[in-house]
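Chains here go by letter, A, B and C, matching the order in which they are written, and residues are numbered from 1 within each.
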(Lines give C-alpha, C1' and ligand atoms only; values in the text may rest on other atoms or scores of the structure.)
Protein backbone atom coordinates (compact mmCIF):
# COMPACT_ATOMS: atom_id res chain seq x y z
CA UNK A 1 0.00 0.00 0.00
CA UNK A 2 1.62 3.21 -1.12
CA UNK A 3 -0.97 5.71 0.04
CA UNK A 4 -0.23 7.94 2.97
CA UNK A 5 -3.69 7.79 4.35
CA UNK A 6 -4.50 8.46 7.94
CA UNK A 7 -7.38 6.25 8.98
CA UNK A 8 -10.80 7.65 9.77
CA UNK A 9 -9.89 11.07 8.59
CA UNK A 10 -12.63 10.76 5.99
CA UNK A 11 -16.09 12.05 6.65
CA UNK A 12 -17.61 9.64 4.14
CA UNK A 13 -17.15 8.09 0.69
CA UNK A 14 -17.41 11.46 -1.09
CA UNK A 15 -14.73 12.85 1.16
CA UNK A 16 -12.45 9.94 0.30
CA UNK A 17 -13.09 10.41 -3.40
CA UNK A 18 -12.33 14.13 -3.18
CA UNK A 19 -9.10 13.30 -1.40
CA UNK A 20 -8.03 10.92 -4.18
CA UNK A 21 -8.84 13.54 -6.80
CA UNK A 22 -6.75 16.15 -5.02
CA UNK A 23 -3.90 13.78 -4.29
CA UNK A 24 -3.64 12.81 -7.97
CA UNK A 25 -4.09 16.42 -9.09
CA UNK A 26 -6.96 15.40 -11.28
CA UNK A 27 -9.39 17.76 -12.99
CA UNK A 28 -12.68 17.16 -11.23
CA UNK A 29 -14.55 17.75 -14.52
CA UNK A 30 -12.55 15.05 -16.26
CA UNK A 31 -11.94 12.25 -13.80
CA UNK A 32 -9.91 9.31 -15.12
CA UNK A 33 -12.26 6.63 -13.83
CA UNK A 34 -9.85 3.72 -14.08
CA UNK A 35 -7.21 5.30 -11.83
CA UNK A 36 -9.61 6.69 -9.27
CA UNK A 37 -11.72 3.55 -9.06
CA UNK A 38 -8.65 1.41 -8.53
CA UNK A 39 -7.34 3.60 -5.74
CA UNK A 40 -10.75 3.81 -4.14
CA UNK A 41 -11.12 0.03 -4.12
CA UNK A 42 -7.57 -0.36 -2.77
CA UNK A 43 -8.45 1.90 0.11
CA UNK A 44 -11.57 -0.09 0.90
CA UNK A 45 -9.59 -3.32 0.76
CA UNK A 46 -7.09 -1.87 3.19
CA UNK A 47 -9.86 -0.83 5.55
CA UNK A 48 -11.30 -4.33 5.37
CA UNK A 49 -7.95 -6.01 5.93
CA UNK A 50 -7.52 -3.90 9.04
CA UNK A 51 -10.94 -5.07 10.19
CA UNK A 52 -12.16 -1.51 10.42
CA UNK A 53 -15.82 -0.69 10.43
CA UNK A 54 -16.73 0.47 7.00
CA UNK A 55 -20.02 2.31 6.59
CA UNK A 56 -22.24 0.74 3.95
CA UNK A 57 -22.16 3.96 1.96
CA UNK A 58 -18.50 3.31 1.03
CA UNK A 59 -19.49 0.10 -0.73
CA UNK A 60 -22.39 1.76 -2.51
CA UNK A 61 -20.06 4.36 -4.00
CA UNK A 62 -17.57 1.64 -4.92
CA UNK A 63 -20.17 -0.09 -7.06
CA UNK A 64 -21.19 3.24 -8.59
CA UNK A 65 -17.56 3.90 -9.55
CA UNK A 66 -17.18 0.46 -11.10
CA UNK A 67 -20.38 0.95 -13.03
CA UNK A 68 -19.32 4.35 -14.39
CA UNK A 69 -15.90 2.97 -15.29
CA UNK A 70 -17.46 0.17 -17.36
CA UNK A 71 -19.77 2.62 -19.14
CA UNK A 72 -16.78 4.79 -20.03
CA UNK A 73 -15.27 1.85 -21.95
CA UNK A 74 -18.25 1.68 -24.31
CA UNK A 75 -18.47 4.04 -27.28
CA UNK A 76 -20.84 6.89 -26.47
CA UNK A 77 -24.37 5.88 -27.40
CA UNK A 78 -26.65 8.21 -29.29
CA UNK A 79 -30.30 8.80 -28.50
CA UNK A 80 -33.05 8.93 -31.11
CA UNK A 81 -32.26 12.50 -32.11
CA UNK A 82 -28.64 11.69 -32.71
CA UNK A 83 -27.36 13.59 -29.67
CA UNK A 84 -24.52 12.09 -27.78
CA UNK A 85 -25.55 10.62 -24.46
CA UNK A 86 -24.49 12.59 -21.40
CA UNK A 87 -21.15 11.85 -19.81
CA UNK A 88 -21.67 8.91 -17.41
CA UNK A 89 -19.62 10.83 -14.84
CA UNK A 90 -21.85 13.91 -14.90
CA UNK A 91 -24.00 13.01 -11.91
CA UNK A 92 -21.03 12.03 -9.79
CA UNK A 93 -19.18 15.23 -10.67
CA UNK A 94 -22.21 17.29 -9.73
CA UNK A 95 -22.45 15.49 -6.38
CA UNK A 96 -18.74 15.97 -5.68
CA UNK A 97 -18.89 19.68 -6.48
CA UNK A 98 -21.87 20.11 -4.24
CA UNK A 99 -20.21 18.24 -1.39
CA UNK A 100 -16.98 20.18 -1.90
CA UNK A 101 -18.86 23.46 -1.68
CA UNK A 102 -20.38 22.51 1.67
CA UNK A 103 -17.09 21.20 2.95
CA UNK A 104 -15.62 24.58 2.18
CA UNK A 105 -18.57 26.29 3.83
CA UNK A 106 -17.97 24.14 6.92
CA UNK A 107 -14.36 25.20 7.13
CA UNK A 108 -15.37 28.83 6.66
CA UNK A 109 -17.75 28.44 9.58
CA UNK A 110 -14.96 26.98 11.64
CA UNK A 111 -12.74 29.87 10.64
CA UNK A 112 -15.14 32.43 12.04
CA UNK A 113 -14.84 34.02 15.44
CA UNK A 114 -16.58 31.30 17.41
CA UNK A 115 -18.28 31.94 20.73
CA UNK A 116 -16.83 29.91 23.61
CA UNK A 117 -13.68 29.21 21.62
CA UNK A 118 -12.40 32.61 20.44
CA UNK A 119 -14.65 35.01 22.26
CA UNK A 120 -16.69 34.74 25.40
CA UNK A 121 -19.75 36.48 26.71
CA UNK A 122 -20.64 37.41 30.24
CA UNK A 123 -19.86 34.26 32.15
CA UNK A 124 -21.65 34.79 35.44
CA UNK A 125 -25.40 34.60 35.86
CA UNK A 126 -27.58 37.63 36.05
CA UNK A 127 -25.84 40.80 37.26
CA UNK A 128 -29.17 41.85 38.77
CA UNK A 129 -30.62 41.24 42.18
CA UNK A 130 -32.47 37.92 42.21
CA UNK A 131 -36.21 38.28 42.04
CA UNK A 132 -39.09 35.97 41.48
CA UNK A 133 -39.28 35.63 37.73
CA UNK A 134 -42.26 33.38 37.40
CA UNK A 135 -44.07 35.84 35.19
CA UNK A 136 -43.60 36.58 31.56
CA UNK A 137 -43.88 35.01 28.20
CA UNK A 138 -42.80 31.51 27.41
CA UNK A 139 -40.56 31.69 24.43
CA UNK A 140 -37.21 30.09 24.71
CA UNK A 141 -38.23 26.47 24.44
CA UNK A 142 -38.12 24.55 21.22
CA UNK A 143 -40.04 21.56 20.13
CA UNK A 144 -36.92 19.46 20.57
CA UNK A 145 -36.81 20.25 24.29
CA UNK A 146 -40.42 19.20 24.57
CA UNK A 147 -39.91 15.82 22.99
CA UNK A 148 -36.68 15.37 24.94
CA UNK A 149 -38.65 15.96 28.12
CA UNK A 150 -41.17 13.35 27.04
CA UNK A 151 -38.39 10.93 26.22
CA UNK A 152 -36.81 11.44 29.64
CA UNK A 153 -40.02 10.41 31.35
CA UNK A 154 -40.73 7.38 29.28
CA UNK A 155 -37.23 5.93 28.96
CA UNK A 156 -37.56 4.70 32.51
CA UNK A 157 -40.68 2.83 31.45
CA UNK A 158 -40.16 2.00 27.81
CA UNK A 159 -43.60 0.84 26.93
CA UNK A 160 -44.88 0.40 23.44
CA UNK A 161 -47.83 2.67 24.21
CA UNK A 162 -45.48 5.67 24.24
CA UNK A 163 -43.50 4.77 21.19
CA UNK A 164 -46.65 4.17 19.25
CA UNK A 165 -47.66 7.79 19.17
CA UNK A 166 -47.55 8.69 15.53
CA UNK A 167 -48.65 11.57 13.42
CA UNK A 168 -51.96 9.84 12.68
CA UNK A 169 -52.73 9.73 16.38
CA UNK A 170 -51.80 13.39 16.72
CA UNK A 171 -54.05 14.36 13.82
CA UNK A 172 -56.83 12.52 15.61
CA UNK A 173 -56.09 14.40 18.83
CA UNK A 174 -56.24 17.67 16.93
CA UNK A 175 -59.70 16.81 15.60
CA UNK A 176 -60.88 15.67 19.04
CA UNK A 177 -59.82 19.01 20.48
CA UNK A 178 -61.70 20.83 17.74
CA UNK A 179 -64.91 18.92 18.43
CA UNK A 180 -64.62 19.62 22.16
CA UNK A 181 -64.02 23.29 21.35
CA UNK A 182 -67.18 23.51 19.30
CA UNK A 183 -69.13 21.87 22.10
CA UNK A 184 -67.85 24.23 24.73
CA UNK A 185 -68.92 27.19 22.59
CA UNK A 186 -72.43 25.85 22.03
CA UNK A 187 -74.64 23.23 23.54
CA UNK A 188 -74.69 20.73 20.72
CA UNK A 189 -73.53 20.14 17.22
CA UNK A 190 -74.97 17.89 14.53
CA UNK A 191 -73.13 15.06 12.90
CA UNK A 192 -73.92 16.53 9.49
CA UNK A 193 -72.37 19.86 10.50
CA UNK A 194 -69.15 18.20 11.57
CA UNK A 195 -68.96 16.16 8.41
CA UNK A 196 -69.82 19.08 6.19
CA UNK A 197 -67.06 21.06 7.77
CA UNK A 198 -64.55 18.27 7.27
CA UNK A 199 -64.39 18.51 3.46
CA UNK A 200 -61.43 16.27 2.61
CA UNK A 201 -61.70 12.50 2.79
CA UNK A 202 -58.91 12.39 5.32
CA UNK A 203 -60.67 14.92 7.54
CA UNK A 204 -63.92 12.97 7.33
CA UNK A 205 -62.20 9.82 8.52
CA UNK A 206 -60.51 11.69 11.37
CA UNK A 207 -63.79 13.32 12.37
CA UNK A 208 -65.46 9.94 12.57
CA UNK A 209 -62.57 8.46 14.56
CA UNK A 210 -62.51 11.50 16.86
CA UNK A 211 -66.22 11.11 17.65
CA UNK A 212 -65.83 7.39 18.35
CA UNK A 213 -62.84 8.00 20.62
CA UNK A 214 -64.61 10.79 22.51
CA UNK A 215 -67.64 8.56 23.05
CA UNK A 216 -65.45 5.70 24.20
CA UNK A 217 -63.80 8.05 26.71
CA UNK A 218 -67.25 9.15 27.96
CA UNK A 219 -66.57 12.74 27.01
CA UNK A 220 -69.47 13.17 24.61
CA UNK A 221 -72.89 11.66 23.98
CA UNK A 222 -74.69 11.28 20.71
CA UNK A 223 -78.46 11.23 20.28
CA UNK A 224 -80.44 10.34 17.21
CA UNK A 225 -84.04 11.26 16.50
CA UNK A 226 -85.66 8.27 14.76
CA UNK A 227 -83.84 5.76 12.60
CA UNK A 228 -82.68 8.15 9.91
CA UNK A 229 -82.98 11.30 11.96
CA UNK A 230 -80.30 13.82 12.67
CA UNK A 231 -77.51 12.80 15.05
CA UNK A 232 -76.82 15.43 17.68
CA UNK A 233 -73.69 15.47 19.80
CA UNK A 234 -73.55 16.83 23.36
CA UNK A 235 -70.92 17.04 26.05
CA UNK A 236 -71.37 14.24 28.58
CA UNK A 237 -70.78 16.64 31.41
CA UNK A 238 -71.60 20.28 30.82
CA UNK A 239 -68.66 22.53 31.43
CA UNK B 1 -5.02 51.23 22.86
CA UNK B 2 -5.29 49.88 26.36
CA UNK B 3 -2.34 48.26 28.05
CA UNK B 4 -2.36 44.52 27.22
CA UNK B 5 -2.35 43.28 30.81
CA UNK B 6 -5.24 45.52 31.75
CA UNK B 7 -7.23 44.35 28.70
CA UNK B 8 -6.64 40.73 29.72
CA UNK B 9 -7.96 41.42 33.23
CA UNK B 10 -11.02 43.13 31.80
CA UNK B 11 -11.82 40.22 29.48
CA UNK B 12 -11.26 37.60 32.18
CA UNK B 13 -13.61 39.40 34.54
CA UNK B 14 -16.39 39.58 31.93
CA UNK B 15 -16.11 35.90 31.03
CA UNK B 16 -15.66 34.48 34.52
CA UNK B 17 -18.51 32.45 36.03
CA UNK B 18 -18.11 34.14 39.41
CA UNK B 19 -16.46 37.30 40.76
CA UNK B 20 -12.80 36.92 39.82
CA UNK B 21 -10.34 37.41 42.66
CA UNK B 22 -6.90 38.99 42.27
CA UNK B 23 -5.43 35.64 43.35
CA UNK B 24 -7.21 33.79 40.59
CA UNK B 25 -6.12 36.40 38.03
CA UNK B 26 -2.58 35.94 39.33
CA UNK B 27 -2.80 32.20 38.75
CA UNK B 28 -3.91 32.76 35.16
CA UNK B 29 -1.19 35.35 34.46
CA UNK B 30 1.71 33.88 36.44
CA UNK B 31 4.34 36.25 35.03
CA UNK B 32 2.56 39.31 36.33
CA UNK B 33 3.25 40.92 39.67
CA UNK B 34 0.30 40.51 42.05
CA UNK B 35 0.46 44.14 43.17
CA UNK B 36 0.51 45.35 39.59
CA UNK B 37 -2.60 43.28 38.81
CA UNK B 38 -4.46 44.86 41.71
CA UNK B 39 -3.38 48.30 40.64
CA UNK B 40 -4.66 47.72 37.07
CA UNK B 41 -7.98 46.34 38.33
CA UNK B 42 -8.31 49.46 40.47
CA UNK B 43 -7.65 51.60 37.40
CA UNK B 44 -10.42 49.79 35.51
CA UNK B 45 -12.83 50.40 38.39
CA UNK B 46 -11.95 54.12 38.41
CA UNK B 47 -12.25 54.46 34.65
CA UNK B 48 -15.70 52.92 34.51
CA UNK B 49 -16.80 55.01 37.48
CA UNK B 50 -15.60 58.25 35.90
CA UNK B 51 -17.03 57.39 32.54
CA UNK B 52 -20.48 57.37 34.14
CA UNK B 53 -21.91 54.83 31.72
CA UNK B 54 -24.42 52.07 32.27
CA UNK B 55 -21.97 49.52 33.64
CA UNK B 56 -19.37 49.55 36.39
CA UNK B 57 -16.35 47.39 37.23
CA UNK B 58 -16.60 46.65 40.91
CA UNK B 59 -14.99 44.58 43.61
CA UNK B 60 -17.68 42.36 45.08
CA UNK B 61 -17.61 39.19 47.18
CA UNK B 62 -13.85 38.97 47.11
CA UNK B 63 -13.49 39.50 43.38
CA UNK B 64 -14.09 41.79 40.42
CA UNK B 65 -17.25 41.83 38.35
CA UNK B 66 -19.06 43.99 35.83
CA UNK B 67 -22.40 45.16 37.20
CA UNK B 68 -25.09 47.46 35.94
CA UNK B 69 -25.16 50.90 37.57
CA UNK B 70 -27.46 50.93 40.63
CA UNK B 71 -29.51 53.93 39.49
CA UNK B 72 -30.63 52.05 36.39
CA UNK B 73 -32.31 49.28 38.39
CA UNK B 74 -35.87 50.20 37.29
CA UNK B 75 -34.97 49.60 33.63
CA UNK B 76 -33.34 46.32 34.44
CA UNK B 77 -36.32 45.09 36.41
CA UNK B 78 -38.32 45.79 33.30
CA UNK B 79 -35.91 43.66 31.29
CA UNK B 80 -36.43 40.81 33.71
CA UNK B 81 -40.15 41.26 33.34
CA UNK B 82 -40.14 40.62 29.62
CA UNK B 83 -37.40 38.04 29.79
CA UNK B 84 -38.86 34.86 28.39
CA UNK B 85 -39.43 32.70 31.40
CA UNK B 86 -38.15 29.21 30.94
CA UNK B 87 -40.41 26.44 32.04
CA UNK B 88 -39.12 24.44 34.96
CA UNK B 89 -38.21 20.84 34.12
CA UNK B 90 -41.31 19.69 36.03
CA UNK B 91 -43.56 21.99 33.99
CA UNK B 92 -41.89 20.99 30.74
CA UNK B 93 -42.33 17.29 31.48
CA UNK B 94 -45.96 17.80 32.43
CA UNK B 95 -46.52 19.80 29.25
CA UNK B 96 -44.89 17.06 27.21
CA UNK B 97 -47.23 14.46 28.69
CA UNK B 98 -50.30 16.61 28.03
CA UNK B 99 -49.14 17.28 24.47
CA UNK B 100 -48.51 13.65 23.60
CA UNK B 101 -51.23 11.93 25.64
CA UNK B 102 -54.10 14.40 25.31
CA UNK B 103 -56.99 14.38 26.02
CA UNK B 104 -55.62 13.31 29.37
CA UNK B 105 -56.72 13.18 33.00
CA UNK B 106 -54.60 14.57 35.80
CA UNK B 107 -54.53 11.11 37.39
CA UNK B 108 -52.88 9.78 34.24
CA UNK B 109 -50.22 12.52 34.28
CA UNK B 110 -49.58 11.82 37.96
CA UNK B 111 -49.18 8.15 37.15
CA UNK B 112 -46.71 8.75 34.31
CA UNK B 113 -44.59 11.28 36.20
CA UNK B 114 -44.84 9.32 39.40
CA UNK B 115 -45.57 12.46 41.44
CA UNK B 116 -48.48 14.81 41.99
CA UNK B 117 -48.48 17.36 39.16
CA UNK B 118 -50.92 19.90 40.66
CA UNK B 119 -48.27 22.62 40.87
CA UNK B 120 -46.83 22.43 37.35
CA UNK B 121 -50.29 21.84 35.87
CA UNK B 122 -51.57 25.01 37.52
CA UNK B 123 -48.61 26.94 36.12
CA UNK B 124 -49.28 25.61 32.62
CA UNK B 125 -52.94 26.60 32.88
CA UNK B 126 -51.90 30.09 34.04
CA UNK B 127 -49.52 30.44 31.12
CA UNK B 128 -52.32 29.28 28.83
CA UNK B 129 -50.27 26.43 27.40
CA UNK B 130 -52.73 23.86 28.74
CA UNK B 131 -56.50 24.10 29.02
CA UNK B 132 -59.46 22.19 30.31
CA UNK B 133 -60.96 20.39 27.37
CA UNK B 134 -63.96 18.95 29.17
CA UNK B 135 -65.04 16.47 31.80
CA UNK B 136 -65.27 12.76 31.60
CA UNK B 137 -68.60 11.13 32.39
CA UNK B 138 -67.37 8.72 35.00
CA UNK B 139 -67.71 8.91 38.79
CA UNK B 140 -66.11 12.08 40.06
CA UNK B 141 -66.41 13.70 36.61
CA UNK B 142 -62.65 14.20 36.30
CA UNK B 143 -61.29 17.10 34.28
CA UNK B 144 -59.69 16.40 30.93
CA UNK B 145 -56.69 18.44 29.84
CA UNK B 146 -55.34 19.32 26.43
CA UNK B 147 -53.00 21.85 24.83
CA UNK B 148 -54.00 25.30 23.59
CA UNK B 149 -53.61 27.35 20.43
CA UNK B 150 -50.94 29.28 22.28
CA UNK B 151 -49.05 26.03 22.78
CA UNK B 152 -48.92 25.62 19.01
CA UNK B 153 -47.76 29.23 18.63
CA UNK B 154 -45.01 28.95 21.21
CA UNK B 155 -43.65 25.80 19.63
CA UNK B 156 -44.14 27.10 16.13
CA UNK B 157 -46.40 24.25 15.03
CA UNK B 158 -49.18 24.34 12.46
CA UNK B 159 -51.11 21.62 14.25
CA UNK B 160 -50.51 18.76 16.65
CA UNK B 161 -49.60 16.33 13.91
CA UNK B 162 -46.40 18.37 13.45
CA UNK B 163 -45.14 17.26 16.85
CA UNK B 164 -42.16 14.97 16.33
CA UNK B 165 -42.74 11.45 17.64
CA UNK B 166 -40.58 9.45 19.98
CA UNK B 167 -40.01 6.93 17.25
CA UNK B 168 -38.42 9.62 15.08
CA UNK B 169 -36.21 10.76 17.93
CA UNK B 170 -35.15 7.19 18.52
CA UNK B 171 -34.26 6.74 14.88
CA UNK B 172 -32.06 9.82 15.04
CA UNK B 173 -30.13 8.43 17.98
CA UNK B 174 -29.35 5.07 16.49
CA UNK C 1 -21.19 61.58 32.34
CA UNK C 2 -22.66 59.49 29.58
CA UNK C 3 -25.99 60.35 28.07
CA UNK C 4 -28.72 58.64 30.11
CA UNK C 5 -30.33 56.76 27.23
CA UNK C 6 -27.00 55.36 26.09
CA UNK C 7 -26.18 54.28 29.63
CA UNK C 8 -29.51 52.44 29.86
CA UNK C 9 -28.80 50.60 26.60
CA UNK C 10 -25.36 49.63 27.84
CA UNK C 11 -26.73 48.28 31.13
CA UNK C 12 -29.56 46.36 29.42
CA UNK C 13 -27.13 44.71 27.02
CA UNK C 14 -24.84 43.63 29.86
CA UNK C 15 -27.78 42.24 31.81
CA UNK C 16 -29.33 40.29 28.96
CA UNK C 17 -28.39 36.64 28.62
CA UNK C 18 -28.85 36.52 24.86
CA UNK C 19 -28.05 39.21 22.29
CA UNK C 20 -30.54 42.03 22.91
CA UNK C 21 -32.27 43.31 19.78
CA UNK C 22 -33.03 46.96 19.05
CA UNK C 23 -36.71 45.97 19.04
CA UNK C 24 -36.49 44.57 22.55
CA UNK C 25 -34.67 47.68 23.72
CA UNK C 26 -37.41 49.72 22.11
CA UNK C 27 -40.07 47.79 24.02
CA UNK C 28 -38.26 48.53 27.27
CA UNK C 29 -37.78 52.22 26.51
CA UNK C 30 -41.04 53.01 24.71
CA UNK C 31 -40.51 56.79 24.67
CA UNK C 32 -37.31 56.52 22.70
CA UNK C 33 -37.11 56.74 18.95
CA UNK C 34 -36.04 53.41 17.42
CA UNK C 35 -33.54 55.08 15.08
CA UNK C 36 -31.99 56.98 17.95
CA UNK C 37 -31.57 53.74 19.90
CA UNK C 38 -29.77 52.14 16.99
CA UNK C 39 -27.55 55.17 16.60
CA UNK C 40 -26.57 55.12 20.27
CA UNK C 41 -25.88 51.38 20.19
CA UNK C 42 -23.66 52.01 17.18
CA UNK C 43 -21.81 54.70 19.17
CA UNK C 44 -21.21 52.26 22.00
CA UNK C 45 -19.82 49.70 19.56
CA UNK C 46 -17.45 52.32 18.12
CA UNK C 47 -16.33 53.56 21.52
CA UNK C 48 -15.44 50.10 22.78
CA UNK C 49 -13.65 49.34 19.54
CA UNK C 50 -11.56 52.52 19.69
CA UNK C 51 -10.80 52.13 23.36
CA UNK C 52 -9.01 48.88 22.45
CA UNK C 53 -9.74 47.26 25.80
CA UNK C 54 -10.47 43.65 26.66
CA UNK C 55 -14.16 43.75 25.81
CA UNK C 56 -16.20 44.81 22.80
CA UNK C 57 -19.84 45.71 22.20
CA UNK C 58 -20.90 43.66 19.16
CA UNK C 59 -23.92 43.39 16.94
CA UNK C 60 -24.66 39.69 16.59
CA UNK C 61 -27.67 37.38 15.98
CA UNK C 62 -29.97 40.35 15.49
CA UNK C 63 -28.95 42.04 18.74
CA UNK C 64 -26.15 43.52 20.82
CA UNK C 65 -23.81 41.68 23.16
CA UNK C 66 -20.66 42.31 25.20
CA UNK C 67 -17.90 39.92 24.23
CA UNK C 68 -14.22 39.51 24.95
CA UNK C 69 -11.76 40.71 22.30
CA UNK C 70 -10.78 37.79 20.07
CA UNK C 71 -7.00 38.35 20.33
CA UNK C 72 -7.24 37.51 24.01
CA UNK C 73 -8.65 34.02 23.36
CA UNK C 74 -5.62 32.15 24.77
CA UNK C 75 -6.08 33.74 28.21
CA UNK C 76 -9.80 33.00 28.23
CA UNK C 77 -9.32 29.40 27.17
CA UNK C 78 -7.01 29.11 30.14
CA UNK C 79 -9.71 30.54 32.40
CA UNK C 80 -12.36 28.21 31.04
CA UNK C 81 -10.12 25.17 30.74
CA UNK C 82 -11.12 24.63 27.12
CA UNK C 83 -9.17 22.14 25.07
CA UNK C 84 -11.33 20.18 22.66
CA UNK C 85 -12.84 21.59 19.49
CA UNK C 86 -16.46 22.69 19.71
CA UNK C 87 -17.72 20.51 16.88
CA UNK C 88 -16.41 17.50 14.99
CA UNK C 89 -15.84 17.87 11.23
CA UNK C 90 -18.94 15.70 10.62
CA UNK C 91 -21.08 17.99 12.78
CA UNK C 92 -19.64 21.10 11.10
CA UNK C 93 -20.38 19.77 7.60
CA UNK C 94 -23.91 18.85 8.66
CA UNK C 95 -24.37 22.29 10.21
CA UNK C 96 -23.13 24.02 7.05
CA UNK C 97 -25.67 22.10 4.96
CA UNK C 98 -28.52 22.96 7.34
CA UNK C 99 -27.43 26.61 7.37
CA UNK C 100 -27.32 26.99 3.59
CA UNK C 101 -30.13 24.67 2.57
CA UNK C 102 -32.68 25.41 5.29
CA UNK C 103 -35.50 24.55 5.62
CA UNK C 104 -34.04 21.12 4.86
CA UNK C 105 -34.92 17.45 5.31
CA UNK C 106 -32.55 14.91 6.82
CA UNK C 107 -32.72 12.87 3.60
CA UNK C 108 -31.29 15.84 1.69
CA UNK C 109 -28.41 16.23 4.17
CA UNK C 110 -27.72 12.48 3.94
CA UNK C 111 -27.63 12.76 0.16
CA UNK C 112 -25.23 15.70 0.09
CA UNK C 113 -22.82 14.23 2.64
CA UNK C 114 -23.08 10.74 1.19
CA UNK C 115 -23.52 9.24 4.66
CA UNK C 116 -26.21 8.95 7.29
CA UNK C 117 -26.15 12.12 9.42
CA UNK C 118 -28.28 10.92 12.37
CA UNK C 119 -25.43 11.16 14.87
CA UNK C 120 -24.16 14.65 14.03
CA UNK C 121 -27.72 15.93 13.59
CA UNK C 122 -28.66 14.75 17.06
CA UNK C 123 -25.57 16.45 18.47
CA UNK C 124 -26.49 19.73 16.75
CA UNK C 125 -30.01 19.52 18.18
CA UNK C 126 -28.57 18.89 21.64
CA UNK C 127 -26.30 21.90 21.31
CA UNK C 128 -29.29 23.95 20.15
CA UNK C 129 -27.51 25.01 16.96
CA UNK C 130 -30.18 23.30 14.87
CA UNK C 131 -33.87 22.97 15.55
CA UNK C 132 -36.94 21.21 14.24
CA UNK C 133 -38.79 23.76 12.14
CA UNK C 134 -41.83 21.68 11.25
CA UNK C 135 -42.88 18.88 8.98
CA UNK C 136 -43.13 18.77 5.24
CA UNK C 137 -46.62 18.18 3.95
CA UNK C 138 -45.80 15.10 1.86
CA UNK C 139 -46.44 11.41 2.60
CA UNK C 140 -44.59 10.40 5.73
CA UNK C 141 -44.51 14.03 6.90
CA UNK C 142 -40.71 14.19 7.24
CA UNK C 143 -39.20 16.59 9.80
CA UNK C 144 -37.75 19.85 8.51
CA UNK C 145 -34.60 21.30 10.11
CA UNK C 146 -33.22 24.82 10.35
CA UNK C 147 -30.63 26.78 12.33
CA UNK C 148 -31.32 28.62 15.58
CA UNK C 149 -30.59 32.11 16.93
CA UNK C 150 -27.87 30.47 18.96
CA UNK C 151 -26.21 29.38 15.71
CA UNK C 152 -25.94 33.06 14.72
CA UNK C 153 -24.66 33.96 18.18
CA UNK C 154 -22.03 31.23 18.22
CA UNK C 155 -20.72 31.96 14.72
CA UNK C 156 -20.74 35.74 15.09
CA UNK C 157 -23.35 36.41 12.40
CA UNK C 158 -25.80 39.31 12.44
CA UNK C 159 -28.25 37.25 10.41
CA UNK C 160 -28.27 34.43 7.86
CA UNK C 161 -27.63 36.80 4.97
CA UNK C 162 -24.14 37.33 6.40
CA UNK C 163 -23.17 33.79 5.48
CA UNK C 164 -20.73 33.88 2.57
CA UNK C 165 -22.16 32.51 -0.67
CA UNK C 166 -21.33 28.99 -1.74
CA UNK C 167 -18.71 29.62 -4.43
CA UNK C 168 -18.44 26.40 -6.39
CA UNK C 169 -22.15 25.85 -6.71
CA UNK C 170 -22.65 29.29 -8.17
CA UNK C 171 -20.01 28.74 -10.80
CA UNK C 172 -21.62 25.50 -11.79
CA UNK C 173 -25.04 27.00 -12.25
CA UNK C 174 -23.79 29.66 -14.60
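Note that in this section contacts are C-beta pairs under 8 Å (C-beta built on N, C-alpha and C of every residue); 3 or more make two chains touch, one makes a residue touch a chain.
Every value quoted in this text rests on a predicted model; they were computed, and no experiment measured them.
**Q** Would you identify the chain whose C-alpha centroid lies closest to the centroid of all protein C-alpha atoms displayed?
**A** C
**Q** What pair of chains is linked by the most C-beta contacts?
**A** A-B
**Q** Measuring from the mean C-alpha position of chain B to the mean C-alpha position of chain C, what distance in angstrom results?
**A** 18
**Q** Round to the nearest whole Å and give the separation of the Cα centres of chain A and chain C.
**A** 23
**Q** Taking each chain's centre as the mean of its CA atoms, how far is chain A from chain B in angstrom?
**A** 29
**Q** Could you say which residues in chain B touch two or more other chains, in rising order?
**A** Those would be 11, 14-16, 66, 68, 76, 79, 82-83, 156-157, 161-162, 164.
**Q** On chain A, where are the residues touching two or more other chains?
**A** As it turns out, chain A has residues touching two or more other chains at 120-123, 127-128, 142-144, 167.
**Q** Going by the contact rule set out above, which residues of chain A touch chain B in the complex?
**A** 120-124, 127-129, 131, 133-154, 162-168, 170-171, 173-174, 176-177, 180, 183-184, 217-221, 235-237, 239
**Q** Over in the complex, which chain B residues touch chain C? Could you list them?
**A** 1-2, 6-12, 14-16, 28-29, 51-55, 66, 68-69, 72, 75-76, 78-79, 82-83, 156-158, 161-162, 164, 168, 171-174
**Q** Write out the stretch or stretches of chain A touching chain C in their complex.
**A** 11-15, 55, 57, 61, 94-95, 97-110, 112-123, 126-128, 142-144, 167
**Q** For chain C, which residues count as touching chain A in their complex?
**A** Touching chain A: residues 14-15, 17, 65-70, 73, 76-77, 80, 82, 85-87, 89-90, 92-93, 95-97, 99-100, 112-116, 125, 128, 131-132, 135, 141, 148, 153-157, 163-164, 166-169, 172 of chain C.
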